[in-house]
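Have a look at these structures, which come just after this line.
Note that chain A is present in both complexes that follow, paired respectively with chain B and with chain C.
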Partner chain A sequence: MIALVPGLLPTCTAKQPQVKGCTSGSRKNVGCMFLSLRTTMRLLTHNMLTSHVKGVTNGYPLKLQAENIKVMSVDFNPEFVARMIPKLEWQALVQAAESIGHLGDLPRELVPEYESNEEFLKMAHHVLMEVEVIEGNLECPETGRKFPIKNGIPNMLLNEDEV
Partner chain B sequence: MAAPMDQESCAVKTKLTKSEKKAYKKQNKARQTLLRHEGISTSSEATKHLVVANAGLSNGVHREELWRLFQTLGDLQDIVMVTGKPYAFVSYADQQSAAAAYAAFNGRMLKSPEELQQPNVTFYLNHIEKVPSQRVAGLDLPPGLRLVEDFVSPACAARLMEGLGWSTDNQQQTDAEQALKHRRVKHFGYEFRYDNNNVDKDKPLPGGLPDWCSPVIDKMMSEGHIKHRPDQITVNQYQPGQGIPPHVDTHSAFEDEISSLSLGGQTVMDFKHPSGKRVPVVLPARSLLVMSGEARYLWTHGIIPRKLDPVPVKGQEESITLARREVRTSFTFRKIRHTPCDCKYPCQCDSQLQQTGPSLPRTEGEAGQLEQQHVHQVYEDIASHFSSTRHSPWPRVVDFLKTEPVGALVVDVGCGNGKYLGANKDVYSLGNDRSSGLANICRDRQLEVFVCDAMSVPVRTGAVDAAISIAVIHHFCTQERRLKAVKELARLLKPGGRALIYVWAFEQEYKNVKSNYLKDTKEHQNGDVGDKSSTRPTQEQQGASLPIHVNRTSFKTQDMLVPWHFRDGAKKQQRGSQPGLQVPSNSGREKNPERDTRDCTEETNLDRNSEQNSDKPLEVGNHKKQDSEEENVKSCSGACASDCQQSQDEPVYHRFYHVFKDGELEELCNSVPGVSVVDRYYDKGNWCVVIQKCL
Partner chain C sequence: MASLDVEGIGLCQVQNEDLIRIAATVTSGLEQIAKEEVEEKVGTKVVKGRGRIRFDTPFKDFAHKIQSLRTLENLHVVVADFEKEGLSTDTDKDAVLTHFYQLAKTFDWGPPVCAWKTFTGTFPHEPGPPRKKQKVKESFKDTAKMLERYDNIISRELMDRQDNEEDAESLVPPEALSDSSSTTKVAVLKEGISETAILPPQEDVQTSSDVQNEVTKVEEDTSSPCRDPSSDGQDKSTSAVPPEAENHGPLKPKFRVTCNRGGAKHCFTSMDAARYFGGGINDDLRWPVDLTKFDIEVVLNIYGDQVTVMIALTKESLHRRNIQHFGPTTLRSTIVYSMLRIANVQPGEVICDPMCGSGAISIEGGLEYRQCLHLSGDNHECACPRTRANIATINNQRRRKGQGVLPVDTLRWDVGNLPLRTESVDVFITDMPFGKRHGSKQGNWELYRRTVRDMARVCRFPTGRAVLLTEDKKCLNKVLAEYDSLWNKKLVLFIKMGGLDAAIYQLKRTNNPFPKFLEHELLSSKRKQKKMGIPRSERVGEPITEQPTQGEPITEQPTQGEPITEQPTQGEPITEQPTQD
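Moving on, here comes the complex of A and B:
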């Protein structure tokens, strides 16, 4: 059963050492109890987020500045990835992955008939689901407003004058 | 002396009669009682001191009576009686006298009324080494309390009574004079209203204060007992056995100093601090009592309705005896207050409580503040405790999520502790919450979340296949903001995408079935006699304080504050934030029914369909925010005084809620352009709507 689901959660038993081996999470204010847990923001999430500062017309995509990145292994589900791709802004994904140095061999343009291209889907899966930001910023491209990512949680709250 | 038990026979006989055995047993029991109450042991040897069981103040025995009885047997030195105790201590100058008293009284029923007023009293005696020293009562008066003895002369007292014109028999009463249940009352200057415990400040009584009280007021002023000249007098007449319940004079009604002149018989006034500390104060005839500061604002005062008062013996303050009450007339002098009270005791202060209680917002800024204080801050403060009470997803919400196919993108706006984020493992679930405390809890559970406000969700327009908003929109305090939240939810949906919205229902009884929230009421409140009126003020108009809901009662209003109580053992999160409450609750209930743990079982029956669940008692499906009320039924304590104490160790938080009436959520959704309502239902005390984005 577990193998069939796309594995949005890392399978802790097998992947645990890898997570522990990742040193990026050990500095800053990340408490010890979090170290063995996945506390990051995925690039798939980044692809959905936009700046919502009042009056902004061109708030997408948010510029990604990562101080800590973690790469984790997540079960690959080709159907899940193939169905997710049409919902993505492909260029935004490429830009974000490139800005943090994790584009790898992912094509800059969507390839035709990607649904049946397992190699492509695996690369997309890796960038979407396995590259994660622990600490950093999301920056509004129009206003330069920075939204901090701490402990893997983007804080997108606006101040009163920004609503 | 026809004593049933004779000294000689007691000493000589080896075989005890039935009544002797009984007496022996009782004596033993008295010995144990003393050990338990006072921590002192009786002596097997004869001593100078005796403890006499059944001769205490609580047995209705007077010190004078004991003195009369015990002095016949030797050189009686002292008798010590302790308030509320069923024994007395008797001390002689020598052992022989004590032994004689022992022989004369132990196990003997006293003759009434020749020996004792009280019938059927049998004394049981034991020797003790030493009489335990009694705490000296009455020396430590509450701060701000002063007692001036012999303030007026008997002649002056007589003139006052004459001026008052009350005879002892009940004559016809004028308007400002009423016979209350417990006493007779007359007002001068202003009428004190017992319906609101205040005075009509713009309706002074004709005639003002009578001339015959001027000398007394002049004396109070000239001798410096009070600073401000009183303009209101209330006269109370208490028959023996009458009293006045403990109270604090309404802060906003009167200025600081309140003085009371006692005429006729003496009485004992009980002062009580919110911490429970009690100080009985003897008010002798013709004495003046002045309450100011803490004694006036924080301590309650009252007179216990009874005919006998335990009072210290004159000149022997360590000994206490009973004093019979006589008719007492008290003159209370007060000065009307014309500005709100700004005392240092806000928990007893009606002026300051009105200010601290939030009201419905009039501006957008106020709305934001109310939600910040009574939604956002509260969830930050209670995040971990809240999360620990939220285990079980609600089946029909899970059903909705399960209809989404593999690879769907689902957003949970206001995801709380994320209990729905893993409900369908085939979809990409993205959660968000206003509370970073709750977002952190989601993170600990390896869920994908971000922090944002539900009115402004930073997700691309039309990006999501489905969205849920469970127990969120009822936390917005204006119609505009609730509409904004639904519009934002609709904006996220792709064409054809659907969103499920749950809000708490005003109607907690639907189709003759009570919601679990109410159903558990009976269970928990069994024997609870507190008043069930749900809210403090009932007004809902703007500017009035928001009512505070009584947990597990039906709703009386749509907008209110709902208390959240930490259960025993649950600790506030250490986030350095202020508790979001400081609104005292006046629910008038003292009982704290513990929550029913069955409601938060870990068992979830996600695989069951809703039909199976619909007629099943709600043991599994729990709602993430409103089941708080089901599980958190420790009710507020009645008096705000005890809230003051309670807030130290058991903080109470108040969350704002707007509960929806039948059809209201649907109407709200219908007013959002670009979506249509495709389903609506009532589920476990919630109104639920599914909206769909138009293609």
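Moving on, here comes the complex of A and C:
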């Protein structure tokens, strides 16, 4: 459950105290407050993304530069995490988590028999599902082309001369 | 079991074992999928019709069972189902209409009305978003404006919720509480309906907040589908207390009749039949008529000689269950669920909708297949914010119920050049532009070709699958023929969507790896490659390896010895057409 609802109503009716990770301005405050109600880009999704600029041979993984990160608690679903790990590039995940400073105690190498290791799955769950990038950039490792992330939506569209 | 005192019928009871017959409408062409789902989840035999199915289920817990079905659109409980000989050929209009007038007397209304009360008590109607046409482009062009509007909605909802919590722990939807006049109306109605509420004499001089409390209590009372015998005993005792209970007599529902007629040239119109049949109910059962604010909608279906009388359980089609912010071409949730079933999604798979629009596919997928990761994307500037607003609405609702968030992420990308790792997605499910309301038939050629090609790259082979919905079948067939070395067509289901003949294609990725030279190749059609002088062996659509499973061009087969009939028939599409009777 999201720790958003308690104390929310006073903020939207009367005063607007600073919410963590918010920029100034009353409108933005309200916006940020509800941002946790929205989906943002998870590191799980980042793991699937690659650069697709024309001529790039090794566009994976994209470098992650985050300006605004939100950590929110999501229900832990061990089965889901265990099923997702084989679909991931573990090194890319570690790299991405490290670049935004949310690696925590996550091991750099995939633990054998992780399916039954609940402690490991919880750490993986935190990195995969709970750390979300709201504002920032994805950078192609080869060409340096930046893909902006705005409001949690990465814009991966290329200009006509890049395809 | 349930018992109910209804005006004009008296006390009627339904035992848990009693069978009630449910009739439901389904998208034409998807009856088989619906049949499989019902047989799997309810465990009863299903009879298919055209665009509808029907099945019998025991009364016990039926409301929860049929509410969990995702392919059904409108639910009805059948009152009577019979054949009247000569109805389609009869020319004596007065006689036929008199017959309809007298019909109401002959039915046993008790069990269906009990079923209706149980269902609507358990799942009260929550009106969806208004149907008026939005100026989509203006309202969604500016993301900030859209988000602001969305924030306002949430804050209003949350404030309403706080009010409710102060009053009572409430199950009433916020709309009912915000409008005090409608609340009183609801309260009056519920008092009439409820036979359990024993209200004190000073009940009439209550403040509005107390009335609200009463509504919630009554709702809680009626929300239990099967009441225990002790409360039934109380029911009888209440009816024995005349002075106070006069206000709370038998249930007197307001009703309307809707008639659908077809199949033959009858001597009467559907409006005639509805008028006479409704008049009969009104005179016989003394239910008041209300065409707009009705409690019960009686549906009279006449098809040839076949007459079906039903009570509607849902006021609005269930396909509008997920989406709040509709786009110009938003797909029905029921069709989405059917597509997910066709794709045979397994837990732990990565599912992608590369042309998400308003996100209907990913949302339904996220709700029903929680063990999968759902990626959605679109290239249109309005699509991603709209998808996110829809996801946020659902997440918000789920959070209130203490359920987890949807495993859905949204990106903005180009479908012909997906920024996804090669072989990272298990299932592609998408609703392609038909070229009518969105895009153009001419533009589809290039779009479909690029889509099919890049999906083949991103899709895991050989387990990957794709389920595509389109109306431009000619284009997709040609494109799939071009890429037959990458995709096998398994099944084509023809469906009717709002008057359009669309088709759902079930594709399976073949064993061939994605050819390297195609990775950044935009000109991929055979004709263009021919122009460019690419040798035939390297052309797209030609098998890369000599696999026996491929539908190879017959001309290239060695003619002697090998009969063509021995070729496995994987390349052959299995075609199912809706029955035209």
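Definition applied: the second predicted complex is superposed on the first by the 126 of 163 C-alpha atoms of A that agree within 3 Å, B and C clash if a C-alpha of one lies under 4 Å from a C-alpha of the other, contacts with A are read in each partner's own complex, and residues count from 1 in each chain.
Here, contacts are C-beta pairs under 8 Å (C-beta built on N, C-alpha and C of every residue); 3 or more make two chains touch, one makes a residue touch a chain.
It should be emphasised that the depicted structure is a prediction, and the values quoted were computed from it without experimental measurement.
Student: Looking at A:50 after the superposition, I want to know if it touches chain B, chain C, both of them or none. Which is it: first, second, both, neither?
Tutor: A:50 contacts both chain B and chain C.
Student: A:160 in the overlay: touching chain B, chain C, both, or neither? Say first, second, both or neither.
Tutor: Only chain B; A:160 stays clear of chain C.
Student: Does chain B (first) or chain C (second) touch A:65, or do both, or does neither?
Tutor: neither
Student: First (chain B), second (chain C), both or neither: which does A:99 touch?
Tutor: After superposing on A, A:99 lies clear of both chain B and chain C.
Student: Output check: A:75 vs chain B and chain C. Expected answer is one of first, second, both, neither. What do you get?
Tutor: After superposition on chain A, A:75 lies in contact with chain C alone.
Student: Looking at the overlay, what does A:143 touch: chain B (first), chain C (second), both, or neither?
Tutor: Once the two structures are laid over each other on A, A:143 reaches no partner at all.
Student: If I apply the document's touch criterion, which positions on chain A are contacted by chain B in one structure and by chain C in the other?
Tutor: Shared contact residues on chain A (touching chain B in one complex, chain C in the other): 5, 8-9, 34, 37-39, 41-42, 44-45, 48-52, 60, 77, 79-80, 83-84, 87, 89, 147, 151-158, 163.
Student: Hey, which residues of chain B end up touching chain A in the complex?
Tutor: 368, 405-409, 422, 425-426, 428-430, 432, 434, 436, 439-440, 443-444, 446, 448-453, 455-460, 463-465, 494
Student: Quick one: in the complex, what on chain A touches chain B?
Tutor: 5-6, 8-10, 33-34, 37-39, 41-42, 44-45, 48-52, 60, 77, 79-84, 87, 89, 147, 151-158, 160, 163
Student: Sort out for me which residues of chain A touch chain C in the complex.
Tutor: 1-2, 5, 8-9, 12-13, 27, 30-31, 34, 37-39, 41-42, 44-45, 48-52, 54-55, 60, 74-75, 77, 79-80, 83-84, 87, 89, 129, 147, 151-158, 163
Student: Spell out the residues on chain C that touch chain A in their complex, using ranges where they run on.
Tutor: Listed in rising order, the residues of chain C that touch chain A are 143, 147-148, 150-151, 154-155, 158-159, 162, 347-348, 350, 370-371, 373, 375, 377, 379, 384-385, 388, 391-392, 395-396, 399, 402-414, 417-422, 424-425, 520, 522.
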